[in-house]
Structure formats: C-alpha cells, structure tokens
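Just below sit the structures, each encoded as structure tokens.
In the two assemblies presented below, chain A is common to both, partnered first by chain B and then by chain C.
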Partner chain A sequence: MPPSDDPRLVVDNASLHYGALDVLADVSLTVQSREIVSIVGPSGCGKTTLLRCVGGLNQLNGGEIRIDGQRVEKPLPMVSMVFQHFGLFPWRNMWSNIAYGLMLRRTPKAEIARRVDAAIEMVGLKGFEKSYPHQLSGGMQQRAGLARALVMEPKLLLMDEPFSAIDAQTREQLQFELLRIWDRRPTAMMFVTHSIDEAVLMGDRVVVLAGRPAHVRALRRVDLPRPRERSVVTSPEFLNLREQVWHDLFGQPTDGETASRGRGVRSAAGRK
Partner chain B sequence: MTAVAAASASLSRRLARLRSVHAGPIRLACYATSLVLLFAAWQAFGDSFGVLFVPFTATVRALWAMLDRGPLLGALWVSGELYLVSLALSIVIGIAIGLALARFRLIAAAFEPYVFILYATPTISLVPFISVICGFGFWPKVLVSVLISIFPILIGVMEGARSIPNQHLDVAAMFGSSEGQLWRDVVVPYVTPHAMTGIKQSIALAMAGTLVGEFFLNPDGLAAVLLEGTTTLDSASVLAVTLFVAAIAVLLVSVGELIERRLLRWRHSAIG
Partner chain C sequence: MAALGDRIAGAPPRGGLSRWLTAERLAPVVAGLAFLLLWQVYVEARLPDFVATPLGIVQAFPSTLAKARFWSDVAATLGAILEGVFIGSVAGILIGVVMGRVRELNWFLSAYIRALYALPLVALVPIVIIWVGYEPAARMIIVIISAFLPVAVTTADGTRAIAKEYLDVGKMFGARTHHVWFGIALPAALPYIVAGIEMGFARGITNAIAVEVLASINGMGMSVFTQSAELNENASLVYVVCLAVFAVGVRALMIRARRTVAPWYGG
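On to the complex of A and B.
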C-alpha cells in the first residue's frame, strides 16, 4: 500500500494524438485521495479524452497515468465513471442498471441487494426501482448513473460532464446533492466540466485545460469552506475565483501560448 | 394562460387521442371494417373475370368443403412440418451468421459478399441445381424455404449488432465486463429487437418458401392441393387454399408480434 499522503491519481506528462492531430500535450496533474479536482476547458479541448485515458478507455501515446501506483492500461476495478450521456442500459430497469457492476463481479446476491438499495436511497430514487430508463427524466437517469458508480465504492470517481445534459434547475439541485454525498464519504474525484461555475463550486482545485493541443494552462486552489452550501456561490471568494478562471480561459494568451500554436497540427512527415 | 401553453395543451390532447386509437376496441373495429370492405369488394367483382376467379362466398364454400372432408388438413400437416423446420433453421442460422458477420471482421470480409449475392438471387433459379445436388426429398425443400426466409433475420441481426452504440460498450468496459458478459448483457439484449423485426418478416416468408419448395420439388402438402386446383381450373379451391394460407400467416405473424411485445417490454411500456 502506498503511504496515504501519496496522490491517488497521478497524470504524468500525458500526451495523445490522433494521426497528425495532437490532442493532449504534456498534461500533468494529481488528485489526492479525498480531493475533488475539476477540469475545466472549452468544448472539444480534450478534457473528456483525458478523463477517458484515466478511465483506461483510451490509451496515451506518451507519459503515464497511475492510480495508487498502478499504471493505467485498461479500466481498473477501483475506478468508476459517470457519463455525460448517463449510459444506462434501456433494457434493464433502474435497480438492475445500478446492480450491473456488482453483478459483473459475481458479488453475492444478498450483498448486491443491500448495497444497491443503499445507493438508491442515497441518490433519492426510492420507489423507481422497477422503472426503465425511458420512463425516467434526465435528472433521475443521472441519479441512477451516479448510484451505479457509487455502489462500486470506487477509490476514484471520474465525472464526465455529468450534469451538462440536464436542465439548469435540476443541474443545480444535483450539484449540491453530489456535494452532500461526497461530504458523507469523501473520495478522490476528477470532475470534468465546461462550466466555470460548476468547476469552482465542486473542486478543491481547478485545472484549466486549454489550447490545441490541450495543456494545463492554469491551476487554481479553491479555498471555499466545506460542506459547500448554496450561499457559497454569492460569496466574494467564489466570484473572484470564477473571474480568475474566466481570465485563464478567455483572457489574452500568454507568450508561451502563442508560440505553441504552431505546434497544433504536426507535419505528417513527423509521424510514421 | 399564454397562447403557447394553450397550443401545447391542445397538442397533448390530440396526441392522447391519437394514442387511444391504439387501444384495443377501436383498432379491432378498424381491422374488421377493412376486412369486411375487402370481402365485399371481392364478392361484388368476383364474377367479372370469367371462370378463373370466383366470389368470396364461393371461395369460403370451397374452403369449408376442403376442410370438412377434403385434403386440406392432411396437407396442412405435411406443409406445417416443413414450415416449422425451415422457420426454426432460419432463425437459428440467421442469428448465428448475422452475429458472426457483425462481430468478427475477418469472417465478414470473407463471407459477406456471398450473403448479398444469395439475397439478390431469385431462389427459384437455384431450384434446378438444388434438385440435382440434393434430390427432391424433405431437406432440399427445407433448403429452398430457408434460402427464401433467412435474410430478414440475418441482415437485421447483422445491422443491429453493428450499430451497438459506443456508449454501451464504454459502460461495459468501464465496469470490467468480460467478452462473454458483454455478449450476455449488451449484445444479446441490444440485438433482440432487430432480430424480432426480421423474425416477423421471416414468419411470413417461410410460408412462401414452404410453398415454393413444395411447388418446384416433388409437389406435396398445400402446394400439391394448389397445383391440383390450377391444373383442373378449379379456381375456387385455389383461392380457398390461398385464403387459408394467408389467414394462417396473419395468425402466425400476430403470434410473433405478441412474443415481440413480451420480450421488449422495456420499449413498449411507455406506450402500452
């Protein structure tokens, strides 16, 4: 076992390209075992790709990703992901969707039932166990998606823009519910979003990913108190941080940025 | 109350009314009306085409006579065996080949062209070769019938298995699904509706295939009865057998629909 102060997740100089198109360039970041790190960046900048690499769904071309010291080459059992598209199986009812991961591991039936029921209770879906996904609203589907991830008791939770396909009011509700759930059992979480507000609200740190290829343009520590209540979004600290991240994203590019622009598309000759 | 709200309320009312058309009694009444109109037209124009066509009532009388002490039930028994065997084989082989072509790229590269060549070839043109190679017995007839009825299943399953959305595969991979579990939990349930669509068509096509097989290879069963009617210009019997076969086909397709609805409750429960 690694010492507890080692980061749970280490992304070390991660690079990725599709053919001649560079997607990620030397991205490095860490997530501690009880920390939420938000990754914010414009749509299509490669943040989801980075998350998928951490999940083991995509492979890096250079650099390394380690979770508890273990190199990620395929999806690891201690990692769960919540998808933007919810990813529930339409042919399984809600209960059975949440039980999916435990069933794959051949967990004893009684334990599956206990853990799934507890997860359903936690995300507030009691009474909808027998409903099929198409009978549930987007918000409820994502609650199920969240329960399906939490029931695995992951050491690292990967959130891929989990609330971006959900209407604004439900999104706000879900953000605070997720924070409440996290407060009860803090775990390492990598939270990808394109919303600056959401990044600041959820994160202990905010990684600003931008440019082509994407690289870490800024890293902001969020010193807002936990548990985070709704009032936090009107605090001067929150507003100030939001401004800073906004400028990280959309302010004048720094000199390094301008220089890197030419590297966006590598010459085909540079590749095999 | 705004105009938009009023419009949407009236739209939802209209949609509700539209859905209620699917409710049992009204649907049944529409079906009965169309049948009555068809039979009435048949009756009205039945005598207008000389000896080669007879009115509806004459056909029903002939049907009754053939059922009562005629050859029809015995023939149905003979053809029924051929029908069931060829339909069962079409389903099993169609699903197996469809899945193999969809999931194993090398098999598809080697064999997919033949599937479409066979699909495009009128099976009747193959009958002489089949009879030369396999003779005139039961199994050559099955072969003809299978060649006629297998393609909707085969192609439906193949297209279905190829269109499994990546999001389902991502979820399975993320939760550590093995290849076998992937087939059980994702491929089979996803492909089932596609297979059922094909099977419903094949239920009717196997009927045609059975008659074609019997017609062109040593006449037997229902085809023998039909053939006898045609050679003796007994149009009433020919129409009676046709009506009989059509009624059985409709019945069997309805059974297929019933099975489909049971299997795909996760799709229909919102409507039904």
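On to the complex of A and C.
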C-alpha cells in the first residue's frame, strides 16, 4: 500500500470466478484522484466485469476494492457509471433521465434543476430536454448518459466502453468532448475500452488486461500533454505507445498464446 | 387512383374525400353493403316478418333509444364493465409487479393464476351465484376476475423481462426496491399492461353478457335475450350493435393509450 499518496481507487488482488470459470486472477491497480486509467483488453476478457465489481454491481471472490478507503460491497454514492448501451429509460425524457440519480437522493428541486441544466449545457444537449431517448441518435443518447453520470459530481467515474455502440465519426467527436469536459473538472476515471487508440488517447495510464483468467499483463504510462488536442493522435509518442500496447496485447507469446496468432489479428485489433 | 384522375385533362379538381377514398378503403364498405343487401332481400323474400333485417334494425333504433329501459341497461352493463375492469386491472398490476419481481411469490402463485387464466370464466358463474345470489354483484365479480387475470399475467411477464441494463442503472444511482418496482419495472412493462387491459376488456364484455343471461341480471345482455324472446329481433340487435360499437371503441382507445404511455414501443 502506498501510505502517503492515497489513491482514490485501489483494486487489490481482485479474483472472480463463475463456478469453475476463472474470470479475474489477482488483478491489482490504482486510480489517483485526478487520473484517467484506461483498461484495454480483447472482448470478453473480463474488463467490463472488473469495472462492474468496482461499481459494486458484481462481487469479487477474492481480494478487495476500496474507494477512498471504503470497501466496495455495493454501489457507492460517490461513484457514477456510463453504460455501453446508454441505459436511458425510454419512458423518461432526456431531462428527467439526467435528473434520475438526484431525484432518487431527494435533492431539493431547485438544486436538481440547476445541476441538470448545467450538465445538459456541458454535454451540448441544450434544446433537447423534452426529447425522449428513442427520438435521439446514439451519440446524443450517450451524451445524456454522460450528463446523468456527471450531474452526480462523482469522485470516481466508471466508463464501460461508452463509445463502442456509436458510429466512428461521432465516437471521435465524443472522445475529445469528454477530454474537454474532464480538463475543466478533472476527476478519477476508469475507462474500459477494447480500442487501443482510445485507451491511449484518454488515459494517463493504460492497464492491459488479458489472458484467461484476466490479469494485468502490462501497465503503460501515457506522457502525452494535456489538454489533449486532436493533433496528438499523429504524434510519434502516441503512435509509439499504441504500438507498445499492441505488443502487450498480441505481440508476446505468454500463457501458451503464440506470437503468430497475435500477428494474424493485427489489422483488426488496430482498427477496432 | 385519385391522383390519376386529377391528371385527366378537363376533369374537375378532386377534393380531400376522393383522395382518401381509395379502392382499398372502399372494398370493405362494398362487401358490407353487399352482405346487408343480401340479408335484407333474403329475409323479405323467404322469412316471416319478425326476423330482423338491416332496415328493420335502423328503424328500431329511435324507438329503442327512446326507452328509459335501454339507458338503464346501458348504464348497468357498461358501468359494471368499466368499474370491474378498472378494479381488476389495478389489482392485476399490483399482484403482477410483485409476481414479476419476487421470484418466490411467482413460484407460489403463477401456476394457479395461469390455470385460472386458461379457464373459461363462464364456468365459474354458477359458483359465484351461489356465493352472492342472482345479483349484479355476480356480474361485477366475474368482470373483475376477467380483467384481473390477463393483467396480472402480462404485468408479471413484462416486469420480469426488463433489460438488465435498466436494473444496473437503478442500482448504480441508488434505487431502492420500491424504486425498482414502480419506477423501472412498472413503466418498462406498460406496453404489456395495456395489452393485458385490452384483453381484460374483451373478456370482461363477453363474460358480463354471459353472466346477465345465465343469472338473469338486468342489463344489455339480458335485454338482447328478452327482446328476442318477445319477437322484437330488431330491437334485440340494436343492443348487439351498441355492444359492438363499445367493444370496437375500447379497442381503439387501448391502441391509442399504448401509443401515449409507451411511444418508444413502436407501432
């Protein structure tokens, strides 16, 4: 344990199995209070499961997760999550979807209105308050999903492949908007993705999760300048890091996996 | 067709009606008129004059509607249906949500509710009459059960089949059990519930009429039979037409209700 520099999130030797199937094996990582940590790994490797454990939606079988020193056994109020398929309630309009968490907490009405309006402004959804999710595009729905999480002013923001269900152009747009929002109010964020580019672009550190059961295969520090502008993706540092993470994932033959199998999926992994 | 007509040189400009009146819309009207004509002609030619005819029914409308008895029948039957379906639906929604969300309760209740649901409720009429006598209460009880069963079953199915992500969102943002039941499960199940209420109305109407006849309770169904027995077939069919209009109206209302309460559900 780092005694002085207390991280916001500590995942300590997390293990999880469903029956005989081991999903997570001794996963340890930390997220500092103003840090974005990307978790990247192949689909189905357990990274979303890990995120759900941090969110208190799933339980570990071994090890523990602490947020600000508090052990996670159920969802904690200082944690918010953005869901892969948005998870907006179709019977609530956009405004009331974003207000959902505050309403459950019986926040005073005036304060809800103030905070929700500010969150809507922040994610650029002004004018769509009364629209229902089925009337909005995927990108706009996820903006609302983001606003719903941000309006809670969480100490830890969990992102579960938030842009993977969105078309490529909108995704790029949203990535930079999320970075801009984060620059204004930096908070601890755990960002799960299966895209190496996205992991490097968003993260201060990239945790490479792989294998069966999943374990931390590599940990990369991303020393790209913040705020991150679009030009960063063509910088040699970015490309170099991308390459390193790719090799962490597919390059080294470990756990009986072969290098040739890794090379075979190179183009697919790079584009995903 | 109308558009084609517009383009014919020298043809006068057509109004909205001719544009709306396409062959597809005209076809059922033609079929209906042909049927009524055949009915009218056949009865006039071959059957005694107390047998109902389309024109006879039309002529019987004013005299039937002028009677106080008609309106007390309408109030009794339709009032019982509306009240019974309302009570049955509210009870069905409450029990259905609990059945859908509490697995253990579902184990206890599901088999019986589904068995009753499959049973023709007319079979229960003699038992209900023994309980409450030949009284309007018998009709009310049957209508309540008629609506309760389909609403409970559809609500249970609908609240059980909620997308997992909605439940995750609820948990993540601090929803307690009652928030999940009434704030997530219930609204998610609304399209199912409306379908259940629609079915409840259909069964409620059928069973209300059946109870009136079987238990001799005053109402529209009873009058259909008494009028017919007194050889007022035309008047009897006035009641039938009114019941049909009510049933079709309720159905249209339910389709609208579903679009209003669950616009995301499509259709």
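Definition applied: the second predicted complex is superposed on the first by the 249 of 272 C-alpha atoms of A that agree within 3 Å, B and C clash if a C-alpha of one lies under 4 Å from a C-alpha of the other, contacts with A are read in each partner's own complex, and residues count from 1 in each chain.
The rule we apply is simple: a contact is a pair of C-beta atoms (placed from the backbone, for glycine too) under 8 Å apart; a residue touches a chain by one contact, two chains touch by 3 or more.
Note that the structure is a prediction, hence the values are computed from the model and not measured.
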Report task. Determine, for the superposed arrangement built on chain A, whether chain B and chain C clash or fit. Result -> clash
Report task. Classify the contacts of A:L57 with the two partner chains as first (chain B alone), second (chain C alone), both, or neither. Result -> both
Query raised in the report: After superposition on the shared chain, which partner residues are touched by A:R105: those of chain B (first), chain C (second), both, or neither?
Result: both
Query raised in the report: Regarding the shared-chain residue A:G138, is it in contact with chain B (first), chain C (second), both, or neither?
Result: neither
Requested in this report: Look at A:P186 in the shared chain and tell me whether it touches chain B only, chain C only, both, or neither; answer first, second, both or neither.
Outcome: neither
Report task. Could you say whether A:N93 touches chain B, chain C, both of them, or neither, answering first, second, both or neither? Result -> first
Query raised in the report: Looking at the overlay, what does A:P42 touch: chain B (first), chain C (second), both, or neither?
Result: neither
**Report entry** Shared contact residues on chain A - chain B and chain C
**Finding:** 55-57, 74-75, 77, 79-81, 83, 85, 87, 89-91, 100-101, 104-105, 132, 134, 152
Query raised in the report: Along chain C, where are the residues that touch chain A in the complex?
Result: 165-166, 168-169, 171-175, 179, 184, 187-188, 190, 261-264
Query raised in the report: Touching chain A in the complex: which residues of chain B?
Result: 167-168, 170-171, 173-178, 181, 185-186, 189-190, 192, 266-267, 269-270
Report summary line: Within their complex, chain A touches chain B through residues 55-57, 74-75, 77, 79-81, 83, 85, 87, 89-93, 100-101, 104-105, 132, 134-135, 152
Query - Contact set on chain A toward chain C in their complex - result: 52, 55-57, 74-75, 77, 79-81, 83, 85, 87, 89-91, 100-101, 104-105, 132-134, 148, 152
